[in-house]
Every structure is written in structure tokens, then in C-alpha cells.
């Protein structure tokens, strides 16, 4: 058994060509995952590659029809009139530090095979508290890319995130650099405690500007508003309880 | 030293042929282990393969005669008139995520060598509370198998288990799929806190229907009833204590 | 760098021959380590092999003269008139499960190269409370060895230790079996909380009977008595404190 | 992808030659890191090698200009009139025990390629309490080096550190020994709780004496004094609070 198994579902790597890959694997606030899955859905991208690995958790996922499939990562292709985009999404990232490196390297090899010259990695930037108006932080792997992302609305703040960027979102930029690939990481500010569609909507906005694409963000924004209502209710309930307690004491 | 050592005890793989393998390695509530070991005992299956691995815990087991043997997994063969069945049982599963994959893959290679075309993996589905009438949940690795297991009494519930199936029971289905093997996982509902022979009896019942086999479940049912009595006593004692405490307070 | 490096200090494996190897690596109560190091000292055995490995903790030990050496395992040879014995001792066992297997296998390969046909592994059997008269438990890897160790004073108790034997003491017996080596594990009963020279003295006694050797156990027994005095003082102090507390309450 | 990637930035190994390597990777109190980075800065050493590895944490570091680079280790060269010195510094040490060995071994191979015959490893010796006048402890990998380091002001105390030396600082001495490299480890006494520039200044002093180099330690000493003031303030505040509490109680 290979450490990493790459399976093309239809046409092979020689028949596919796309200049852009967008990574949205699970991470902080599932921000990247929400954006990438939203785009796949809205654009009608289709699955072209399945990646299985001994570095993923040793488990299967139960699908809606009661059948199982291995935990995996997947690549989707949007084959549009004006642009072709690959999406890297999946259930999990690596369970080990070493696996993170080997998987990120394998992702880049696939990207190279498919003609990718620019990679967008998406993620959340956990700040530990609720954020009213989440910023979209950006980092790049080549200085020449700075102006583009700032023009599109991303904030470059060298101190943030202080601890660097962990996992595929960071490694694909770092390892991509020595392969000569352009790399941009967009991170939506988020509490880090909850799945955050509002933060994802912000990232989607900046990303679409960069890609020159129009994608309907309604469902993402709605889910964001639902989350906000839910959180507001929780906060209100807590305050009410606190008031009650005060009354008792008085 | 090999990562995984496979040792045939008597006849080699070319002399053995069985269409079915039943996996019952340790797991939640030891449900799968109980079922497989009960069947081995009742059918008089005999050990034909020992599997040792650096992925098992680094220890030996002390046998009744005071001699030791390495922690291992074992394959038994039931060579019946009408059917031949292999059983995969053992002391432990892998200690590492990577080992889980490599062992499941090795098990499938053995199964292929022995002519297996269908795999049953058995396990428990931990729900976190005592279950009066445990269901038997089923998942499959090919949609065509759904009807069979539902007809045999298994429940297909796509949301359960929510976290997927971890370890050999899941991986053998997932990895078996790409080898073209039919895979069925039967999981007995169980609290997850105790070894659960009652849940095992339920799984055995569904499994026997699927296999068209009759196996005496008396000892399993008796052990299940003993467990229930024991639990009831514990519950009663606790209630009595609570009443005592209330009396003191009053 | 090799995973395991074996370095002969003087004569190579072809020039050394000894039928017996005694393993006394660190473990519960350091019982095995105390026995093996005591024997090395009393018999004047000399170091013949150093084993370094990436599976040991990544550190150096500071020696008395202020120089460092890598954490390692070592083999000593007692080249007596009537008998030749190898001793396997060291600072640590493996940090990983896989490493335990690979190291135990490497130890057995060295043993085979040096003509060893019987292995004694020594350890402690932690019972969780102070033991007045510690038993010496024995397990073997071939049933024919049972009588010998019982005659020498070891107790064979199939239920103990319930969890099997972990680490080199267990694996060398288990892996040695398939190499056709006789294996005997002697475990001194011990609390498991303290280094236990008294338990070690008991193991030494049984081992010397088995080897037909006479070794002065005075220093081991003295250290055992010192430990017992120390423990008794601690117990007395605690009791005194309890009495004081009672007085206050009264 | 290689487990360890070594990249020369300009001239290759055949064009560089330096007899001395100073290791200052992150560790207790960041003492070694502070010393090595201070020397690199004061001497104007330039980066000549980048080392990336799957044993480092899977992350990128965000640089001041908003671009990322992989977490790595780096080698700097000071190419002075009278002496040439290599410095090994970096963001992290290995995340796994095995990786520590493999990286230390790789560092030594680079050092050999560059003509290094003596290695200084720098670190902190954590004592668990604030130290008024921190000693500089020294250990060596060859007894002949003792006099030199004692003459330079290092203290050789065979009992310290009791637990040996963990990580690159220890392994490079231990593994360097069998390559015939002289190895000296200098450890500044430190609480172990804080980054400790004062302890670093002490190590720098001894190291400069050994190297026959003069390096301005002002900035290190100033940072040390600032840290001391900060700590003193914390202690004063705490005492004041305690007094206040006493007053309330009185």
C-alpha cells in the first residue's frame, strides 16, 4: 500500500489543464472548507481526483445512501468558458507532522501535472473572541503578489498570524515557492470556536475579486446570519440568567 | 524484521479457499470480538494464520500454561459441509494511524489470496447510554448490498455512526471496495462503557441470517443476561444509597 | 544514519561465544536493571557492544568525568571458567511501539551471532502496594522450561501479570520463540512506585540457582534494607502526623 | 520529498571551509538561540545554507514583508580575517525523537563537508528558580577539552544537568564523537521559565574567551537588565498585593 494514493476518476493528468488551484481543507472555523465547497457547488465543478493516504485518520465516512468511502481528499475541476479552476477539499488533514509535509508535496505534484501556476490556500485566523466585521488577512509567497491581494481587499499584517500558518494552507505556499508557483493564502478572521460562514463570505469576496469571477454568496451569507442569530440568542439567554441570579441575590 | 509478519500454520494459501471473511477484532463494547470468538468456538473453526506486527503494542500475552506468545491477530477457518468461512480475530488493533491502514491492507491481501469475495466486519456502535433493545446498524461498500442486510434485520441509518467507522471494521470495507470485494459492516448498539454480549447476540442473529447459518447463541445470551443483572444491581445499590442520603438530610 | 547502530568495542562477533544472555533494561521498579548491573559488577563482566538507536530518547548522558555519551544500550560479557554469560543493560528502552519491536529483534540477532541459545529477561511485576515477601514470578516461551524455573523457586501464575509483559522483557521471549531460543522471564513482585533492591535480590536468588552460579547479594540486600528503613520512617512520620491531627480534633 | 532538504544559497560545500560550528537552536530559556543570533548580528555573518525537513512542525513563518517561508534551520558563515565560524540557528527543533537523531546527523554531515573539526553547542540549564549570578556549565565529548573550558570560565559539574542534555545540543556532541569531532556544550543557568538574555550574556562571555574573539555584548546585557527590571516589578507588585491582603485581614 502506497503512503499516498492518487486516483484519477476520468481523464488522466495529460488531458486536464488548469492554471489555478484553490485549497480549502478543514481548519480553523472551517473557513477555507466553506468557501471552497461553496464555490464547487455554485460553479458546478466536478470531481476528477481522489487522494487516499495512511496519514489520514484510519476511518471510513458513511454516505447518505448507507455506503462507505475512505476518509480522503478530493480535487474538483471547474471547466468554465473563461477560466479553469481546480479545488482541493476533503474530510481531514494529516494526523502527523511528517504526513502534512508529504501530503502538501503530493498536492503540489498533482498541481504541477495539471499545469497549475498559482495556488490560493484558504483558512481561518482564530482570534479567540467574536469578530463583528472580520478582516481577510493575506500572505503571499512572492513579494510581487502583495499589491494584487491588497487591491482585492485583503489586509497584509506581518505580525498576524503570530504563530505562522499551520497545515496545508501554509505548507503549499512554502513548498510551492521552490517549485516556482505563485501562492496566496487568504484567512478570514474568526473566533476559532465555531464554524464561521460569515468569515467565509468575506474570504469568498476577496477571492472572487482576485479571480475576476462572480459567485452568488447568498447561501453562505444566510448561513452566516443564522449563526449570528443563534449566537445572539445564546448571549441573551446567558445575560437573562445573570440578571435572574442578581435578582435572587438582591 | 518485517512490519507485518504473516505465518501460515499448516497448509499454505494455495491449499485454502473460502469465499467469506468475518472480522471481529477488539473495539467498542468488544461486540465484534464476542461475536467472532463465539462463532469460532461454536463452529470449531481452527487457526490457520498468525499475524504479528510492529504496529501492535510491544508486548507478549501470558497463556494458561505459563508460556508467552506475542500480541497478534489470527485467522481461523471453518471448513463446513456447505460453507467455508474465515475469521479474523486478535488481541489488539494497531497502535498508530498509519499501522491501521497497513494492517487492513495486509488483511485484505491475505483474504484475496484465500479467495475471499465478501467481508463482514463486526463492531459496536457506542451511544453513551444503556440500550434496552439494541439495534443492529449496517453499512455496506456497494449499494447493491443494502437490500440483503435490511432483509436480514440490520438498520441502515446514514447519520449513524456520525463519526464514521474507525479501525479495521471501517478500513477493510473502504480499502476492500477498490479491490472489488463486497463489504458489510454490522454494528451492535451498545453503551460503549462495558463489554456487551447482549449487543453481540443481536449482531450474531443478523449475521447468521445473512450467512444462512444456524449457531447456538445460548452462551452469548446468558452472558448478556448476567451482565444485565449485574448492571441492575449496581443501579439498585446506587438508588438505595441516594434514598439513604435523602433520609439523612430529611 | 542507521535506525540501530551496533558497535563491537574489541573482538568481533566471530570471536565471542556465550550460550546465555541476561536482559536487565530499565523497567518497573528497575528490578531487572538492578539485578543485571549487580551481576556485571560482582562478576567483573566487561563491555563488548554498544547499541545506539534513533528509537532511544534524543539525548546524551553526562558521565562522571564531565564528558558525554549518547543514551544507549550495552552488552557485557562475563567470560568465566565454567560459564560465559552476556548481559544486556542500558539507559532506556524505545520511545515508540515500533522501536520496541525493532530493537528487540536487533538484540536477538546479536544474541544469535554470539551463539546464545537461552535468554533470561528480568523485570518487576508492579502490584500497586508494598510487598512484605516479594514472590518471583516466572514465564517461559517453551513449556519444557516450566519445571526448571519452578524448581529454582519461581512461581508460575498464568493470570499474572494480567496485562502481559511489555517491552524488551516480553518481546525477546516472544520473538525469540520463532528463532528457536529458550526464553525465561523472571519478575520480582514490587510496588511499582520505587526502585526495589529487595525485589531484585529475590530475582537474583532464583536466577543464580538456574545458572548454578554463586553471587554475593550483600550490597543488593543492604540497599533493600536501607530502602525499607526509609519507607518505614516515612510511614511512621505519616502516622505520627495523623495522630497529631487527631489530637487537635479531640 | 526528502526527509531533510539541504539547500546551499550561493557557493557550494567545496568552496566553503570553516573549522568551527556554533549551534544555537531554540531550547531552554532560548539561551543558545540568543547567543548565536547575537553573534551572527554582531559579526555580520551571512546565510549560506537552508535546511527544511518533514521533522519540523508543518508550518510557514510570516516574514516582515508579508511573504512566507517554511519553518527551517539555517547555517550562517562568518568569514573573518582571523577566523571562520559557522552558526546553526533556526525556528524549531524536531517534533519527533527519531527526527532529532536524523537532523543532528545531517547537521554533522554538513559540518564535515565544510571542514568543521570543533562544534560548540549552546543551551540553557533550567534550575526552576530565578538565578542571581548564573553559572555557565560545560560538558565535552573528549576529556582533553576539559581544561580549556574550565580555563575559560565554564563549570564542569558531572551531576548537572541530571537528566542529560536533550536535543541537538546533546546529540551533536554524542554523534560528533564517533566522527572524531571535538564537541563542547556550554549551558547558561536559567530559571527555565523565561527567555534569558542575562544567562546568554554569560555563555557569550565564556564562548568568546574560548574562540579568542571580542564581541560587544551590550545589547544582550541591556535586554538582560530590562528583563530583570520587569521581573523585579512583578515581584514587587506581588509583594505589595500580599501586604494589602494582610492589611485587610488585620
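As written, the chain order gives the labels A, B, C and D, with residue 1 at the start of each chain.
The rule we apply is simple: a residue touches a chain if its C-beta (ideal position, glycine included) is under 8 Å from a C-beta of that chain, and two chains touch if they have at least 3 such contacts.
The shown structure was predicted, so the numbers you read here are calculated from the model rather than taken from an experiment.
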Numbering shared by both copies at the chain D-chain A contact, with half separating same from different: different
Farthest chain relative to chain B (centres taken as mean CA coordinates): D
Approximate Å spacing (C-alpha centroids) for the pair chain B, chain D: 53
Chain centre separation (chain B, chain C; CA means) in Å: 37
Multi-chain contact residues (two or more partners), chain C: none
All pairs of touching chains, each written as two labels joined by a dash: A-B, A-D, B-C, C-D
Complex interface listing, chain C residues touching chain B: 94, 97-98, 100-102, 104-105, 138-143, 146, 156-161, 163-167, 170-171, 173-175, 177, 183, 185
For the chain D and chain A complex, residues of the former touching the latter: 1, 3, 54-71, 95-96
